[in-house]
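Given below, in the form of structure tokens, are the structures.
Shared chain: subunit A. Partners: subunit B in the first complex, subunit C in the second.
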Partner chain A sequence: MNIMNILIYGFVNSLLLVLMALGFALAYSVSRVPNFTHGALYVLAGYLTWIFVNRLGLNYGLSIILSIAVITGIGWLVYQVAVIRVRGMPVSEIIVTFAIGIAILEFLRWLGLRGATYVLPVFYMKTINIFGVPVDSQRIAAVIIAALIVLALWLFTHCTKMGLSLRGIAQNERAALMLGIDSDRAATLALSLGSALVAVAGITIIPMGNVNVPAGYDVLVFAIAVCICGGLGSWTGTILAAFVIGFAQTIVAYLIAPHLVMVVALAAVILILIFKPSGLFGRQKELEERV
Partner chain B sequence: MKKLFLLILTVLTTIANVQGLEAQPIIMGVATDTKILDGAATIRGLTLAVEEINAAGGVNVAGKKRPFKLEVMDTRDCDAGVPVSEALLVVEKVILEKGADFIIGPSRSEAALAALGVISKYKKIYLSTCGGLSPKFHTTIAENYDKYKYAFRITGESGYMAKEAMDLLTHLTSQYGLNRMFIIVQDVAFARAGGEIIGESLKKKGWEILGYQRYPTGSTDFSAALLKAKDAGAQVLFIMGDMPELSILINQWYDMKIPALPFGNYLGPAMEPKFWEVTKGRAAYTIVNVVNAGNAPSNATPLTMKFYRAYQKRWGTEPEGYGAASGYMAPYVLKDAIERAGTLDPDSLVSALEKTDLVGVYGRVRFDPKSHQIVPSLDPKEGAVGTIFQWQDGKRVVVYPPKIAMGEIKFPPWMSDYWKIKKK
Partner chain C sequence: MEKTSRRKERLDRGVKVRSDTVYAVSSWKEMLFLLAPRGILIIGLLCAPLLVPNLYWQRVICILGVYALLAIGFDFLANFVGLVSLGGALFIGVGGYISGALNHYFGLPPFLTIPIGSIGGAFICTLILLPTLPLRGVYFAIVSFTLPLVADRTICATNVLGGTDGIPGLSMLANTWVNQYSILGMVLLSLFGLRRIVNEDIGVVFRGVKDNDQAIRASGLSVIYYKAVAVFIAALMGCFGGAFLAHLYGWVGVSLLSMDFSVFPLVATVVGGPVTLAGPLLGCIILVPISEMLRAFGELRIVIYSLILVFFVLFWSEGVLNWARRKYEQFEHWVEV
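Moving on, here comes the complex of A and B:
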């Protein structure tokens, strides 16, 4: 077995997981709302882009921008219309967001979203050999986009007033409130931004395959698994966990059996909950647990 | 005057009642996964046939003309994570709530097999038109005939499809010297069975089976299997599965220029007429088994293209995937049996169906009297013929069986160059 295959596809797979999970992690870290519409918004972003391109005949680039804008708006609405009423009640937050997510996915299913027909164009059709390993250009594009998003997010949260306010809320909500940061406004922004990120993930990853409803559930499971392993609320932990799970999945696929790949993420969650319940970087929760 | 009016009213009411009785529909309960291609195609095939039969006057049941009526319920049995028990509840619901006289069963083999028990309990004639390809379906009927005799399969099955594949692959060996295979299947019963059967059978024929990889439903990256196949020196990729994500496998195969011919003995997304368009031509050279003739253009029987064109006219698309032709044939086979039996009594219909012998879209339709599996053949005059096509220049060109073939197999240039393929 060529070790380069594992290294390159492990790296690609890890960054795809980063793309899938970052929106969920951002929304949770700021608002403490587990946004279970995450997977549905991933599929919806792909479907809307498909509609804009194939039914309305819009330019692909414009369709992408419109889809991201619509999904961002839906994230804003989810918080302002539904979540705000149950904020602070974790079980209700899960029920509300999960219900909205299921409603979106089942509506898409009802519309007839099936088969391999709903396909988004790849950004650029070419195969590149990296150290002798062929990788298609869409995966390379996904890696670049994931890296750019991580960088942009870091700059946003460290160099802008709005980003600093989000970090403030994430680190200590009461202290941030005392300093005049509006918690609801920050949470709305976080859910909208998280939704925008999952829309970007959908539009980047879906062209490798097709728009299909079950992917919504899979993406949600992967995002939750990565966030739990990384430590809920920790962005650094999310990225690190994505690499751990991503490489573990690739190693299992190459050296053991591909049909066990789905088990890896769930097994990682179980192991983390047994040995380090707060996750790899879940410091805040760790302190609470000690107390 | 008043008496005359009452008399006319009475006569009209009587006529209306008689017509009402005559028009009592025969309910065909369709409990299948409506959101997968095969399920949707089978519903379209069924609808087309039912409309044709009803337009021609309906079914003659002991001298009374009765129309067919479809009652469709979604089992979602092909969705990952939906338990078989959910599908069984839908089968039961279509019997109890919709009053189905006949059942068109679930798509996934696991659900189709489990549905045999429900069918036996309610004594309903059950036709399997799409999915349920596992050989266990008809062997279970044969082993427990008295219990499961109400079930019939009107399509091919994994075992026979493997024989067809074997025949075609043996042809590739004799003509081009290919004998190295890598097997990639979706982790579901029919695909696992198909992969195992083909692997074992080809080993006996001197083929090298270089790997066997299963992928769970919903997988989105097949690079591991493809690179393993390339490293091992595979010449044929044997693929089996119905999940739409298998289009990613074909895209990756094309993008990576893997020097092996993709042969989907059941490859859900590649069956779709739009597959060429959605893959931007990366479907080229992919070989696909669509189970029955009629699901791709050929001249298997005089009815094949007649059905093909009628389907196109009715639905605005060519017959899609597997399930279209068999869905279309099911009402005609039932009509034939009902008219011969003169009743809807299930036990009488079992005998009538066992004596079925008519020419359909995919050849002569007969059932094995013990296993109730449609009798397969390579000749449409003898039995139901399958169809294997290859994507060539945007078209689905039938390459097997020889009696209905419309063209020859072609190889991707990067494979021809790599293996120096020449016809012997």
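Moving on, here comes the complex of A and C:
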């Protein structure tokens, strides 16, 4: 019974981590800019949806689509207005995205985003028993959405010209430039797409709790942990690492204490940096990043 | 009809050129040219505690000193060694908690806990960040950003070290003058000490680590060792600030790990002028009083800092000090091209 619990909730938790981390991994692998606005956009997506539903009285489905569109636009703006001006200066790149992320999150905190007021409705209210373990339908929806996104991203990056150009930039920027792929366009696309993915994550995951600011930092930390363990820039690695960390977190939460999940994420990062610094699957970048 | 365009031509002033070399000692004018900026800074800082109106502003001077230590450390790490530290709060928190815990649980007096907190804290911070040092790129920034957040959550959730309430009732330093002059002395010491270090041989190695680590390896030096030394120096300054804050407030808590300590040094560095070491201090002198006046805005202040930060990075990345220095040392005039 207990083992079944761990297996099923570990699986769900892993796919939630995949949802949180994919956007960061995509944006980083193409643009080489760590998108510190990731966590802020996650919370902002939830907050915008809440505004659209409760203040403007829109349909839930419509508000979801609208807020994903807005977040995508913000990702586009972050690259086109800010990052593009400091391209190639690593210190400034980090500072700019970090400052924008903090500005958004702390602005939301100032708006008073806490408590149980800001709750998004679940998509479909029902609890299903899987092998005797009750799982609510929102988690099942999240699992399905995560799986669909992974599939869609795989198809996008393997079968469309645009997706192939993103992979080209991610694997070898100079060769891609020689083949006529515009690196700024690819990076803009990656950042917008990454933002859209985190918006989807926010809208899928936030109905399980409420819209709050600390969750933004949590998501950023989890996304970073998963991406580093998987090897920054590797998408397969990201998914594998999400499963490792997801199960580790679930086991620790069941057997020791639920508030240690963040420590698990950090411990995973430290361990991976000590023993396999390029991450589980970061083979192709190994020579570039190690001193 | 061709269009003529103009550009600015810059020439060093004669007095600047002369005072660059040993001929500086040949006349009072050159010596004054060199000494004036440094003298104004030192005398201004040392007189500041006497000039401010009341206890509240004397407290502000202490906070300014702590931020200045963090900012100088950030500038040193980011622009001389190439490690972007987004975790000023980590240094402050580790230093503060060590000296607070020693004082509370073992009853050691502040003149022992502050040195132990600074040096021990610097060792601990260097040790935690050590796994990221063999790697290039963004790992250091990411992990240093993550650590204070995790520490904050863990302390709140597990109730160690006083949990959310913190450890109250620590012993205070002797009086407000000791407070102010110890932190200002430390700021001046680390500013001029670091300026000396980056111009010594080890400073050349540090810059090599930033610009071309393969050259450092080829010279038979360990990149990791030099990075660790640099992190230790910056952590030492930050942890001293934290230990000092613990005894200034007589309290340590999770607010020592708050985002302010990570964001403010960045803003001060970028506004004051990066790659100068004195710039971050100037940035603090400009920004801390402004930030005190904005106290009414509460949590919105950090948003304002971040927006200032973005603006300066994007549109005026040279900062105040580099601009002022150019005006001080060079003629500028427009020429037709």
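A few notes on this one:
Convention: the second predicted complex is superposed on the first by the 287 of 291 C-alpha atoms of A that agree within 3 Å, B and C clash if a C-alpha of one lies under 4 Å from a C-alpha of the other, contacts with A are read in each partner's own complex, and residues count from 1 in each chain.
Quick note on the criterion: contacts are C-beta pairs under 8 Å (C-beta built on N, C-alpha and C of every residue); 3 or more make two chains touch, one makes a residue touch a chain.
The structure presented is a predicted model; accordingly, all values stated were derived computationally and were not measured.
By the touch criterion defined above, A:155 reaches neither subunit B nor subunit C. Of the two partner chains placed by the overlay, neither subunit B nor subunit C lies in contact with A:175.
Within the superposed three-chain model, A:254 lies in touch with subunit B and out of touch with subunit C [touch as defined at top]. Contact with neither subunit B nor subunit C is seen for A:130 once the two complexes are overlaid on the shared chain.
Of the two partner chains placed by superposition, subunit B and subunit C are both touched by A:109. Residue contacts after overlaying the shared chain place A:217 against subunit B and subunit C alike. By the touch criterion defined above, A:262 reaches both subunit B and subunit C. Of the two partner chains placed around the shared chain by superposition, subunit B is the only one that A:119 touches, whereas subunit C remains out of contact. With both structures placed on the common chain, the touch criterion links A:90 to subunit C but leaves subunit B unconnected.
In the superposition on chain A, subunit A positions 109, 217, 257, 259, 262 are in contact with subunit B in one complex as well as with subunit C in the other. Chain contact summary for the complex, subunit C toward subunit A: residues 78-79, 82, 84, 86, 128, 131-132, 134-139, 141-143, 145-147, 149-150, 153-154, 157-158, 213, 217, 223-224, 259, 263, 266, 270, 274, 298-300, 302-303, 306-307, 309-310, 313-314, 317.
Put simply, subunit B touches subunit A in their complex at residues 35-37, 40, 79-81, 187, 213-225, 227-228, 231, 244-248, 251-252, 255-257, 268-269, 272, 274-275, 278-280, 320-321. Residues of subunit A that touch subunit C in their complex: 34, 36, 82, 85-86, 90-92, 94-96, 98-100, 102-103, 106-107, 109-110, 217, 221, 224-225, 228, 232, 257, 259-260, 262-263, 265-266, 269-270, 273-274, 277, 288-291.
On the subunit A side of its complex with subunit B, the touching residues are 1-2, 5, 9, 13, 109, 112-117, 119, 121-122, 125, 127, 133-134, 136, 205, 208-210, 212-215, 217-218, 250, 253-254, 257-259, 261-262.
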